[in-house]
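We just call them A, B, C and D in the order they show up, numbering each chain from 1.
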Amino acid sequence: MRGKRINDPTKNRFTRLALEGVGEIYELAQNPKHAELLTRSRKDGAKINAYCSIHGSKKDLVNRVRAARLICQRTGVCTASRCCGWDALNALWHTTFEVDRRFGTDYHNRLKRYVAMVQGRDLTCAGALTDPKGNRALKPRHQPDKDVYLRIVDENRKGIVVRGAKSMIGGAIGSHEIIVLPGTGFAEGESEHAAAFAVPLNAKGVVQVVDMQPGGERKLEAGFDKGNVSYGSSESLVIFNDVFVPKERVFMNGEFEYAAEAVTKFVQLHRMVLGGCLAGCGDVLTGAAALFAEYNGLSRQLSDRLTEMTYLSEALYSQAIGAAHEGQPTPSGAWFPDPLLANVTKMSVTRLPYEIQKIAEDIAGGMISCMPAEADLKNPLIGSFVEKYYQGTGEVTAEIRLRVARLIESMIAGPGRLGALCMHGGGSPAAAQMTIKQLADLEHKKEMAKTLAGI
Amino acid sequence: MRGKRINDPTKNRFTRLALEGVGEIYELAQNPKHAELLTRSRKDGAKINAYCSIHGSKKDLVNRVRAARLICQRTGVCTASRCCGWDALNALWHTTFEVDRRFGTDYHNRLKRYVAMVQGRDLTCAGALTDPKGNRALKPRHQPDKDVYLRIVDENRKGIVVRGAKSMIGGAIGSHEIIVLPGTGFAEGESEHAAAFAVPLNAKGVVQVVDMQPGGERKLEAGFDKGNVSYGSSESLVIFNDVFVPKERVFMNGEFEYAAEAVTKFVQLHRMVLGGCLAGCGDVLTGAAALFAEYNGLSRQLSDRLTEMTYLSEALYSQAIGAAHEGQPTPSGAWFPDPLLANVTKMSVTRLPYEIQKIAEDIAGGMISCMPAEADLKNPLIGSFVEKYYQGTGEVTAEIRLRVARLIESMIAGPGRLGALCMHGGGSPAAAQMTIKQLADLEHKKEMAKTLAGI
Amino acid sequence: MRGKRINDPTKNRFTRLALEGVGEIYELAQNPKHAELLTRSRKDGAKINAYCSIHGSKKDLVNRVRAARLICQRTGVCTASRCCGWDALNALWHTTFEVDRRFGTDYHNRLKRYVAMVQGRDLTCAGALTDPKGNRALKPRHQPDKDVYLRIVDENRKGIVVRGAKSMIGGAIGSHEIIVLPGTGFAEGESEHAAAFAVPLNAKGVVQVVDMQPGGERKLEAGFDKGNVSYGSSESLVIFNDVFVPKERVFMNGEFEYAAEAVTKFVQLHRMVLGGCLAGCGDVLTGAAALFAEYNGLSRQLSDRLTEMTYLSEALYSQAIGAAHEGQPTPSGAWFPDPLLANVTKMSVTRLPYEIQKIAEDIAGGMISCMPAEADLKNPLIGSFVEKYYQGTGEVTAEIRLRVARLIESMIAGPGRLGALCMHGGGSPAAAQMTIKQLADLEHKKEMAKTLAGI
Amino acid sequence: MRGKRINDPTKNRFTRLALEGVGEIYELAQNPKHAELLTRSRKDGAKINAYCSIHGSKKDLVNRVRAARLICQRTGVCTASRCCGWDALNALWHTTFEVDRRFGTDYHNRLKRYVAMVQGRDLTCAGALTDPKGNRALKPRHQPDKDVYLRIVDENRKGIVVRGAKSMIGGAIGSHEIIVLPGTGFAEGESEHAAAFAVPLNAKGVVQVVDMQPGGERKLEAGFDKGNVSYGSSESLVIFNDVFVPKERVFMNGEFEYAAEAVTKFVQLHRMVLGGCLAGCGDVLTGAAALFAEYNGLSRQLSDRLTEMTYLSEALYSQAIGAAHEGQPTPSGAWFPDPLLANVTKMSVTRLPYEIQKIAEDIAGGMISCMPAEADLKNPLIGSFVEKYYQGTGEVTAEIRLRVARLIESMIAGPGRLGALCMHGGGSPAAAQMTIKQLADLEHKKEMAKTLAGI
């Protein structure tokens, strides 16, 4: 991270916060109140953490969205690791089944064993898709440096050797394992890129570069200027410098025909889930804005704007629930949300949270563009001025007001701000738009119009 | 209508089109392909038209939305009558049950008998809520003319006499019955306004004034300038000039404490359903725009905009499905959608269709602001010019292009245009906003924020 | 119009209203209060109507915008004819000058004489650009029927013969002359299409087809259901069926290199001016919405929304003024607005008026989707009910409320509604976007970024 | 800053960058190319920096906007100090003139001497308005602690003593002087708050607390991770701990009737100018996004979005120019922009830059949510991986791509990000909306509507 090795991520304050976010998923799953959402019963009766389960019903999909909202309401951040790993396992459950059906391979059983191990040990798995991609105008097979799409560079009886990099790996610093999927569909002549596998993050050759995002430095401090004092998130670039993957952990090895399928099924889940995540983060930001309004004595005057924030969060949530409800099973037994509605949810996710942020910025007023630090408040010379001039209505001390303002600030402009979460998580808006275009069935709609126009 | 009596609404071309819209509901219900959506099985085994059923499950609510989308895809218009009546019956099913529980009255049984009659004869019932309201700044009990909120002016052993008016009664011209609900909540001292009942539309004292909306005149013509050549919609003002309602048809009689409940349950359904309706109308308009683009040789260039139209329609649909999925039963046995999400859907309904319209207007180009009439096309002197200059790509004749352009024009600027459908159907945006405000549970969100800010 | 010949456009109610709109320009120009805006002094001292002047200064451009706003505030409609003709004369003033400079032709002097004649007789000239265009994916020279772009089919010593059609000719029915420009840029091999000229609208071979737009039928009635009781607008398709144009009235004859220039200069003016027009129409609609709110007793509650309407209109106006202020002279002496800002104004014009419309629709409530006709109000049987139930606050009679509701209705959904005015007037949004793209000077902006990034 | 004293702001990297921003104004004013914009000639012939001049014409106002855009294009940041001071001087020029006219005081001459001194020594003056305000629901005279609005606590023959605080003082750290205006209008009984004056920032009792905003820590580093490597901005809270102000520097002393006037005139200028500022910053961000697209090989695919960014910036600019053009002189001789259009510009400024940011975030892709630090690039162990996987198309090295990505990141989420600049600079959106409401002249618009509705 920033050119320096982190020896113990539980000690580094930045990475510690990200770990706490994932930790909350373990913690809440122990809570009977949340057991229905956060645990599942395996066929063999074993109770497992939902975050490493395979969705076996429409209800599971709906609960997937609800769990995402709950965790974000509790943490205020993206705890991407377990999420992405969860979605990756489900995508592979389907893909390996299909590949085996067509090619007579044995990936599905391998995966089943791997999933059972993950469930048994309740591991956190990061999910990795995004390749560096080099020149976007060129296809993978025409790239000057083929490694810009992760690829298999060697293979023997025991396994494969992979080279490349995956970026935007949410929560990798807090994960035990990393599950790698193809980053895009591949064509003939690109089979070396069609690789899916899992390795522990401390496997030989795996290098992880953690990004802090602007404001991340503040997470290294002890006090409340970081805004969210309990949880954080992290994003990593993960480099695979000729990493050996044993056969038992390889889930696709050259079957380029199914690379797109793996990606598609992953994003189908992820683009739906984001509706829940952003609704949950939106709830926290709405709550913070409501507190701020209250401390300024303006609850009534700002109630319409707070209602608009609520509307926006719920609009995201209801779309995600709609996508889940329209979900269908695949022959593998795994359920996936409706592909069109999942992508529709993602499109909304790239738009509505910006409105939420903007209203929060409006309500928070000039204060979030200029406020004293905690160290100013505690400074013996000037602290009393800060106390005096930042006091809120009634009993609200300057510290309380500053804490809320810092929370809003961090959710708007700090690491893990809503904008960073919503635009490119689960793929770009352009990718969602492309999928909607493909699924729009314009011909059917043209027929409707023709009938009514009498043509 | 426009100062003249309509002797036979099946003969008048404007009202005929509105009747055809309702007719399509009867017709499709016969079609085995649509039986699942459009029919329901009563407990006694009788198969009834869904449009007069009581929702008994989450699935029924989801199908309510699907049916709305299907009918709008087929007709391109609002066939409000059966919809509003359907929602009114469900709202009363719950309300009468609750009133009886509290006051020991017998409304629920009355309603059951009425519903059984409607189901048995497969009647179309309009639903009526909106009162004229007079001066909005005054409460009902302070209005100079109390009739601006419909009220009970007399009562005897056999029934009640009501006076007032209800406006925006969609499809009343094509309905057998009209079911009247309170138009708003009422307080003590306003019990005379707390009335719910049903009467046939030809009951003595019922006067119906049908509005055409701009462009309605075109529906009186024979040809294709009306755009949608098969279906139409209508809105009526219905005046109750001291109408007698027999006891058996009275479902609320002064219980002002439950007036709000009746309205709330009606709009909960209706605000959800609109997501399906507008998605369906959006589909038709998207199809028409896609045809227009194709006829101009611009399908590829306009594909992003067509995708945006698809996104907008599906966003409405997925919200409605989300609201249905989160629905819950009431003690009466009737199910209702989640109140927060239903109102969220309505808010989206007051916004997204305007975007759909705007894109359609963009794609349709200048043509929809200036095009020859069918009579010009068929005029012996100038028809050949129209033929020549309005021909589309390939085999597309001027007539085909004009038909599609007229369909778009009618959906943007004719009677039943999307804008007229979406803004005030199911109540105003302000009413939906108010409900969201009440249901937002800001206190819970403030707690989330406090926890994360360390307060 | 609609297949029937109009013998006297001053007698037909629809066309009469359109004529009244233009008439208002003549009328106001007589009014000393508006002399500064609506008249100009020619170099020879003659006082002429501004609507046939050549812009000789920045102030003239600014007054062009102000005049547009004023006329729209007075009439509530697009009085396109004199506007388009005015812009066409200015565009040709520049283009003929440039063509002559390059080719040694004599168009500019011809035009000067023509302009002097128009000024002297204070004529109303329509402006015509839009060709039918056939298959948009093909270039003009590849069209199966070349007439879909107007073209010169013959030429002799005395003049030329032209064939083709121009559509969306605003106000042609109320014009003495029609000035025709190329509809787009042309390339080598397309010189037959590079024609600019003027003819009287009663020239032999000129056929005019007037469109009514939905709701136009209502303009044929006597009463107030038409909304705007004093003024209207009209759009025509004008067919040139081998029309002879004498040499003195030909201002471009094959110089395809300057076709784009003529179009560009026309739209530069027109796209700026629209900011004034839509601001003026927005003012009227804002006033109507404010009245409606007042009659409902809701002025205070709706004041934020009325303010938003004001904001939107003024945003359009200020952009147009900005574009005018940054205007520059051409070598011909004619001034034109800044091309980038004029197109920016047009982009805003295709967006903001829809917001204005939407708010008006919100404020006008359900009433504009269902209201009685004037004939209902005056009907002896039901008029009293309409009186009773549509009365507003205080002294506001049902007629007054209905009149305002009808005005709003007509501006949202009638002929000449804002949407029809703003989307394609002065060309499509896509055309404006293309121009902005060309003028954006991204290279300059990249340099700024490079400097700050230290590259 | 953050609890620690800054001994030399030219040495602290954060404050140094802010100083460089102001420095650029001095630098460019020396450049003959920019002399027209950045210098003015005083009546006595002296050439002065425009940033301390009084606007004497419409052209001065237009140049005010142009200067703002130029400086922001050059620096990419808000160099608020000289701007706010400039606007404050102009506001006082008018206000002191008016106060003197009414009360026979001598403020205007004092101010003239002060302005001449500032001009002669070419000083940078911060402008201070925003009070802490305490409980917004209470009027100043009802606040438990009256100091939450700055006030005069003592007065003698030589001057006054003031106590209070002003926040959001842009660029105070780089200013020689601070000019203080009332923060709002005041009423009778609040005259102690009606104070305007100027003091040097090192006056006794002045305490300045500088805020860094999230990401500010990065400005303390040497390399390019700060994004904008040359310039920065700063915001301060300035506390007046019983500061003595000599009489010659007092420009309002209790004349509460004119407090609102001083604020109004300040914001009239400032709200207009922001259109230029945000257009300039928008230009830089557009350029950065264009570079990023180019380095990814996606210039063509993203050209529509880049065009939209251009449109948005130019829309802001043209509105500001429109507001300047419609400016008028006051009796004092100072010119001010049109109040309605200036506030309209501000409203747009609170909206459009968010759209610009969002598009930049879309174009910058996932990279700005996860990218290696400069220290990673230069790390001997992992630098080569960063080099390899972050290379752009052609010759574009990883460093170049990272530099551009960091610039975008800093403008979206760093200190001085567009969102922080645009929402509350020059007052809140609510304040602008309130002003528009007051200036909307709805009565005039109602008259227009009445005439057309025939009422």
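Note that in this section contacts are C-beta pairs under 8 Å (C-beta built on N, C-alpha and C of every residue); 3 or more make two chains touch, one makes a residue touch a chain.
The structure presented is a predicted model; accordingly, all values stated were derived computationally and were not measured.
Undergrad: Find out how few touching-chain steps suffice to connect subunit A with subunit C.
TA: 2
Undergrad: Which neighbours does subunit B have in common with subunit C?
TA: Shared contacts of subunit B and subunit C: no chain.
Undergrad: Can you tell me which chain lies farthest from subunit B, using the average of the Cα atoms as each chain's centre?
TA: D
Undergrad: So the centre of each chain is just the mean of its C-alpha atoms; given that, what is the distance between subunit C and subunit D in Å?
TA: Between these chains, centre-to-centre, one finds 39 Å.
Undergrad: Could you tell me the distance, in whole angstrom, between the mean C-alpha positions of subunit B and subunit D?
TA: Roughly 50 Å, centre to centre.
Undergrad: With centres defined as the mean C-alpha position, give me the subunit A-subunit D separation in Å.
TA: 37
Undergrad: Hey, what residues on subunit B touch two or more of the other chains?
TA: Where subunit B is concerned, no single residue meets two or more other chains.
Undergrad: Quick one: label the inter-chain contact graph as line, ring, star, complete or other.
TA: Per interface graph, the chains form a ring.
Undergrad: What are all the touching pairs of chains?
TA: Once each pair is checked, the touching ones are A-B, A-D, B-C, C-D.
Undergrad: In the complex, go through subunit D and note every residue touching subunit A.
TA: Against subunit A, subunit D makes touches at 1-4, 130, 132-138, 145, 147-148, 165, 167-169, 207, 209, 211-215, 217-218, 235-237, 239, 241, 296-298, 350, 354, 357-358, 361-362, 365-376, 378-379, 382, 385-386, 388-394, 409-410, 412-414, 417, 419-421, 423-424, 428-430.
Undergrad: Considering only the defined contacts, which subunit C positions touch subunit D in the complex?
TA: By the definition above, subunit C touches subunit D via 62, 73-76, 224, 227-231, 283-288, 290-291, 294, 303-304, 306-307, 310-311, 314-315, 317-326, 340-341, 344-345, 347-348, 400, 403-404, 406-407, 433, 436-437, 440, 442, 444-455.
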